[in-house]
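Below is the structure I would like to discuss, written out as structure tokens.
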Amino acid sequence: MQHRKEKKKKKSPILSQLSEKIGDAPGQCRFVGERKIDEPAIRVFQYDASEFREINENDPEKLPQVLRQESVTWIDVSGLHDKNLIEKICTRFFIHPLVIEDILETSHRPKMDEYDDYLFVILRIIGYDDQKDEIVNEQLSLILGDGFVLSFVERPNPRFLQLVERLKNPKYRIRKEQSDYLAYALMDATIDDYFSTLEILGEKIETLQEELLSDPQPDMLEQIHTFKSRMIELRRAVWPLRETIGKLERSESELIRPTTLPYFRDLYDNVIQVMDVIENYRDILAGMLDTFLSSVSNRMNEVMQRLTVIATLFIPLTFIVGVYGMNFEWMPELKLKWGYPAVWVLMIVITLVQLRYFRKKGWF
Amino acid sequence: MQHRKEKKKKKSPILSQLSEKIGDAPGQCRFVGERKIDEPAIRVFQYDASEFREINENDPEKLPQVLRQESVTWIDVSGLHDKNLIEKICTRFFIHPLVIEDILETSHRPKMDEYDDYLFVILRIIGYDDQKDEIVNEQLSLILGDGFVLSFVERPNPRFLQLVERLKNPKYRIRKEQSDYLAYALMDATIDDYFSTLEILGEKIETLQEELLSDPQPDMLEQIHTFKSRMIELRRAVWPLRETIGKLERSESELIRPTTLPYFRDLYDNVIQVMDVIENYRDILAGMLDTFLSSVSNRMNEVMQRLTVIATLFIPLTFIVGVYGMNFEWMPELKLKWGYPAVWVLMIVITLVQLRYFRKKGWF
Amino acid sequence: MQHRKEKKKKKSPILSQLSEKIGDAPGQCRFVGERKIDEPAIRVFQYDASEFREINENDPEKLPQVLRQESVTWIDVSGLHDKNLIEKICTRFFIHPLVIEDILETSHRPKMDEYDDYLFVILRIIGYDDQKDEIVNEQLSLILGDGFVLSFVERPNPRFLQLVERLKNPKYRIRKEQSDYLAYALMDATIDDYFSTLEILGEKIETLQEELLSDPQPDMLEQIHTFKSRMIELRRAVWPLRETIGKLERSESELIRPTTLPYFRDLYDNVIQVMDVIENYRDILAGMLDTFLSSVSNRMNEVMQRLTVIATLFIPLTFIVGVYGMNFEWMPELKLKWGYPAVWVLMIVITLVQLRYFRKKGWF
Amino acid sequence: MQHRKEKKKKKSPILSQLSEKIGDAPGQCRFVGERKIDEPAIRVFQYDASEFREINENDPEKLPQVLRQESVTWIDVSGLHDKNLIEKICTRFFIHPLVIEDILETSHRPKMDEYDDYLFVILRIIGYDDQKDEIVNEQLSLILGDGFVLSFVERPNPRFLQLVERLKNPKYRIRKEQSDYLAYALMDATIDDYFSTLEILGEKIETLQEELLSDPQPDMLEQIHTFKSRMIELRRAVWPLRETIGKLERSESELIRPTTLPYFRDLYDNVIQVMDVIENYRDILAGMLDTFLSSVSNRMNEVMQRLTVIATLFIPLTFIVGVYGMNFEWMPELKLKWGYPAVWVLMIVITLVQLRYFRKKGWF
Amino acid sequence: MQHRKEKKKKKSPILSQLSEKIGDAPGQCRFVGERKIDEPAIRVFQYDASEFREINENDPEKLPQVLRQESVTWIDVSGLHDKNLIEKICTRFFIHPLVIEDILETSHRPKMDEYDDYLFVILRIIGYDDQKDEIVNEQLSLILGDGFVLSFVERPNPRFLQLVERLKNPKYRIRKEQSDYLAYALMDATIDDYFSTLEILGEKIETLQEELLSDPQPDMLEQIHTFKSRMIELRRAVWPLRETIGKLERSESELIRPTTLPYFRDLYDNVIQVMDVIENYRDILAGMLDTFLSSVSNRMNEVMQRLTVIATLFIPLTFIVGVYGMNFEWMPELKLKWGYPAVWVLMIVITLVQLRYFRKKGWF
């Protein structure tokens, strides 16, 4: 059925988000979203100040057993379509059914929920897919427990690979920190992507802006609208993040140590800055829309004006030649030898006077 | 009289909502709304972890007697036009007269009022009636008491039938929970409908959007306005719901147990998401309006421009033929054998020059 | 002087409200407003669960003496232009001079002020005067004391007469309640009028909307603007009422008993609903304005387009007849017998081709 | 230098406000503003319930010595350009240097600062200068101490003279009150001016509105914009006043006695009402702008339409006369005796048909 | 690489701000920004009430040793591209790595972070570069510790030099104050620049406004947009400053003594005033945009109207001359001697009648 759906007209992101939500019993888990990779992958990393190792444990039932006092364990699950797998993992860690449901429904707004033994955080992974020319908007679910972090993503995240590299190097601060710092690092890597995405979009917007000023084309209207709706999409992903991280900062959970708080505060500043940039581009796009509309209307008016000037130039001339096309018997001018050249002179004079008047008025 | 009213021009939803409110003594109950089914129906369901049964008790006076310690009793009343019936039921459960009044006036905004022995919640049931092509907007009144839930709807709700099916199956969590969870489940089913309704509207909006981009038609303006006012109507039903559920979450009533709180929090998230989607479609509709207006004006301008180009092409030609229509005696060109063809050549050259100039300027 | 003013151009409501405020010593009372009835009338009603009577006491000095333990006394003063009378009454009840000033200046926003022995509430009485086709916007000042309510209105209020009727009937709840319930009942009757007024305005707006869609006329712009400013006026009367009633609800005054609180909460809901309807009509009016402007511009464009099409049709024809009006000696076509009919045929063909092209393009 | 500046192009109010602020050490006092009177004047009034006297004491050094237990002393300083004088007075009363700086910089927003021994309040004195047709916007600085009030204004305030008259009359409440009531009375007199100013502006706006509806002129656009920016200026003077007086009301300073609080509450109500009127006029002006723009565009369209109708009427006629201007040898109509009158008949018929069609369509 | 980047097309400020943020490990310091001076300079000033001296200490390792009890030490670092230098200084003062990172990334919004031993404040230095005609927007990072202030700027700040001069003079208050007053003085000097920048921009805006009213040119649209986006940039620098200084004022840190609080309150007032002016200019610019658009459209309409009037004048004349160009055999007028002059008279009369009608209608 998944296959047939792909052949059908693709649903818009909002619509598919809606259809995912409908009609289940609460607390009943079902994967809702697009299947993005073939096989879900579980990677387990464990480290403390002295040691880092990747543990090969694919049996979800045994995952809780790899946790070790004094070490931080990071379990990264990529691919969410295998509902049973996710459910098994979460149940072993005593995660609330509603949290599992939230992990499997990949259209959630960023949020932070506090449970007795863990914190549950949802973020949006934002990227830009150059081939498809569209925003990538996926869900990252984080569970921060005592000594471990569970991360659930729809497909393997390259930023997380970079983080793994950093984890291998004992000189980095993260090796000396607890699971709350790991959660912070994952969120930081995710928010870094927002900056990259905004940079790509920003370059495109500024290129479009320059083209718009030099040579406005009708199809630019649609491009401006596309960028506007992308900015709205980004905004919707980032806006609730502010509150989410604010809640983490103010949380009184013991899972977040006071020494990690400055890092979350820094994250908060970054989110504010992302929002700032988004608002900025929205302002720019609104200005571009104004410019576009007024340039189109100016251009049209200018065309009309020039044509009208041409028409007006010829109107008196046509009148004059009409006069001497009349068939009155007594029209003395017609008999004069210099009548014809005189009419030409008259017409040239009239034209020149008109041209001068128009030029003075700045009409062309 | 009800009959005569139907023959009259139907009142708009806002107007009929207003006329319902006028002129009664406070606390005096009267049914205000449209009679939507013939006979009110009372269904009574009772369940605990081990047992589920539907009780056949149509005498409202005896309803309180069916309540049983250790079981949850759900009394679902469909059809509100029989004022006496509703009043009898509520009085037996010691419900405040103002609550009865609110149940009977079916145009209330969502709200939650806390009374000593029960909580009173109003929600809007939102649907989409395909035949009439209009939003269905009915009232659901819930009374959550200790061990029982009273629900009042204007006509039987198919979502509630699904819930009854679920109640019959002992494997579902709801069978192990108390009346607060039942209230949650009813609210969840109601809010699920919002997603379906938004999906239907969303599909229509996105279809319209595509048609608008390919071939804008004058009547689309009205369609866009219709969708806009529907979104406003939905927004008015959902916006106060956020606060309503927030109040339930923060309520210190003993009727809501701490273990049910995460479910209400989940409901809250859903409502936020509904609002998000609504705002999104409002943005899309605003963009569509812009696109429509600018496309209409572009099309009109384009028409005018083409016509003006045609007119301008012929103006100098008409002048030239006018010149040689003059009756001067001395007009040497007229005597020349090649005069006539030369004029044709001249006119063709002028036309080509103009065409080239217009094309270069992109005027057609 | 009052007489002369009426002969002058009537001041706008905002201006007259302003001129009333200027230049007095604070706490100095003066009637500011329009004199609306000839003689001020004082009516005194007293009731308890068993008895209701209207007391005939026109001497303001003796009013406090009619109060009786165990009964609720309602003193209703209609007509505020007799400053001395109002001052005498208020002074006997030990009312603060600023309150007296507020009662006499009839342009106050709704508000609630708490004094040691009484609560002071201002509401706007809103109605619609069909003859003058304008909003009636008068002031109701209520003083809620222990066992009595003083109400001050600019002219006798028909809603209050209905309330008197209800008071006479011992079966109504109000007969068993205290003065706080009476205050509530007076406020409820006042707010009921908002619904009636909105219903009348709403019907007019919706009629206008239908006319607008079927046949837009230039004068509708002014009508839309009139309705818009009326909605703004209503909004200004209702918006602060929300806070006023909220303050009453949260007030810790002993004058308001806990059992009356649900009634004030109900009032609060009604006010919210009034605001909702107002916002709704403001949205509708904004949409109507858009529709009006775009329909006017569409109609104008359409006219221009049709006329331009007609003009364009004739331009090539006029060129052709010009050609054969030239006087060249050698124009072989002129000699041909079928030249003239051939030109007619040519012109008819050109016209048909143009017509077809225009029709295909949808230009007329 | 003051002199030379006046010869230069006058700076806009915003610009001059800016240039005043630049480049001083903090706490260093300098007069910044326009010198509005020649000589600063100090007037000292002292009163209690039994006595009122004006004290002639021009030596700022001795001012604190005139204070008397049991009396209220009001020291009114008009003219602020003599920095030394102001500084001397303030230093004698132990006023903080920053307060002195604020008094001398006359472009402050309304604010209230609480110091240990006194309260410092800034208000804007708003008036309308009919000669210059501009808003007068000056600063009033009040220092409310124990038993005295210092007021600093840029030039003598006529409202204050009225207050002095009132002070002389022992029957007024103010004679029995303390310095807090005097501060209130000064603020009340200042806010009274807002109502007068709004009344003057309101009359002008409403006159303009009527002219606009009857006969819109191009220069009205600028007038509307002028009124808009005046309303914005007023709004900027009043908006922070709300908070200022709110702070006074909530202040726990012992300088404000509980019995004066209702008066400040009344002031607060007045400020709210001023803001209400301002918002109202802003709404009216926005509506006027809409009306203006649409009336201008309607008028232009109407002109174009009438002219186009005239042009269109003649186009077919010109074509017909062109036809019979052709020189074909075989044109039988030309030989017919009734040919010429027939053409006239044809043209008249065509014209009448067109006129009827246009009239039916409502095109003129 | 820095070198190559400068050769490439310069990035827009927003884009370069974005690219700086991407891809580092948190807490890892890197200079991100433009290198603005060749060599970083460290200047150390030390003063108390009796003495002021500049200390020559370029070795960052030894800086903490210059601090002295009872004196205030100000260490001013200009030039931030030497990451190692900044890091060394900060590490010696036990500054948190995140703070160092914030100092080196020069695109931060204003903020205040409280650490155990110091306060960290970021401000924007705003100026106007007349040569490049662009806003200068640099970062000032302040660290306020016990007895010392560290300031980091991208290039030497002339305002700071003025402050050094003031420090040398023992009569100034600052010499008697602690490090919190120094921090205040630095912030005050920075905010003073906002007023200067706004004054320069304001003069340009008001000049443009006058030109716009007298002679609107197409390129003014772009100028208005440029000013608008500059105001947005300023707003983004100032808006968060309000909260930053508010936090300083409310901070319970012991580093800020109660006697300095009034100064921060004064700073707060200044920031509010800056925001006020910015909003004001935004309003003015919005009005200018409206004026521009309506003046352009008016001018175009006026042109079209005049041309149409000319065209219309000639249409009936051309028709008349066409009539007498017809070749009917029986056209008695043609034989009449006075036929030709009569036609001229007729045409002149028609023209005069039309001109009069147009003039009456105000069409030209």
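Worth pointing out:
In this document, chain identifiers A, B, C, D and E correspond to the written order of the chains, with residue numbering beginning at 1 in each.
Keep in mind that, in the parts below, contacts are C-beta pairs under 8 Å (C-beta built on N, C-alpha and C of every residue); 3 or more make two chains touch, one makes a residue touch a chain.
Note that the structure is predicted; figures quoted are calculated from it, not measured.
Both subunit A and subunit C are touched by B. Think of each touching pair as a link: the shortest run of links from subunit B to subunit D has 2 of them.
Note on subunit A versus subunit B: their Cα superposition corresponds to a rotation of 70 degrees, in steps of 5. Homomeric contact subunit A/subunit E is classed as different-residue, with under half of its interface positions used by both copies. In terms of their C-alpha centroids, the spacing between subunit D and subunit E amounts to 27 Å.
Centres computed as Cα averages put subunit B at a distance of 44 Å from subunit E. The set of subunit C residues touching two or more other chains comprises 304, 308, 311, 318, 322, 325-327, 331.
Taken as a graph of touching chains, this assembly is arranged as a ring, one closed cycle with exactly two partners per chain. With subunit B taken as the origin and subunit C fixing the direction of travel, the chains line up round the ring as B, C, D, E, A. Chain contact summary for the complex, subunit C toward subunit B: residues 162, 166, 172-174, 184-185, 188, 192, 195-196, 198-199, 202-203, 206, 213, 262-263, 265-266, 269-270, 272-273, 276-277, 280-281, 283-284, 287, 290-291, 294, 298, 301, 304-305, 308-309, 311-312, 315-316, 318-319, 322-323, 325-331, 361, 363.
Only residues 12, 14-15, 17-19, 21-23, 25-27, 96-98, 101-102, 107-109, 111, 113, 115, 218, 221-222, 225, 228-229, 232, 236, 240, 289, 293, 296-297, 300, 303-304, 307-308, 310-311, 314, 317-318, 321-322, 324-327, 331, 333-340, 343 of subunit C touch subunit D when the two sit together in their complex.
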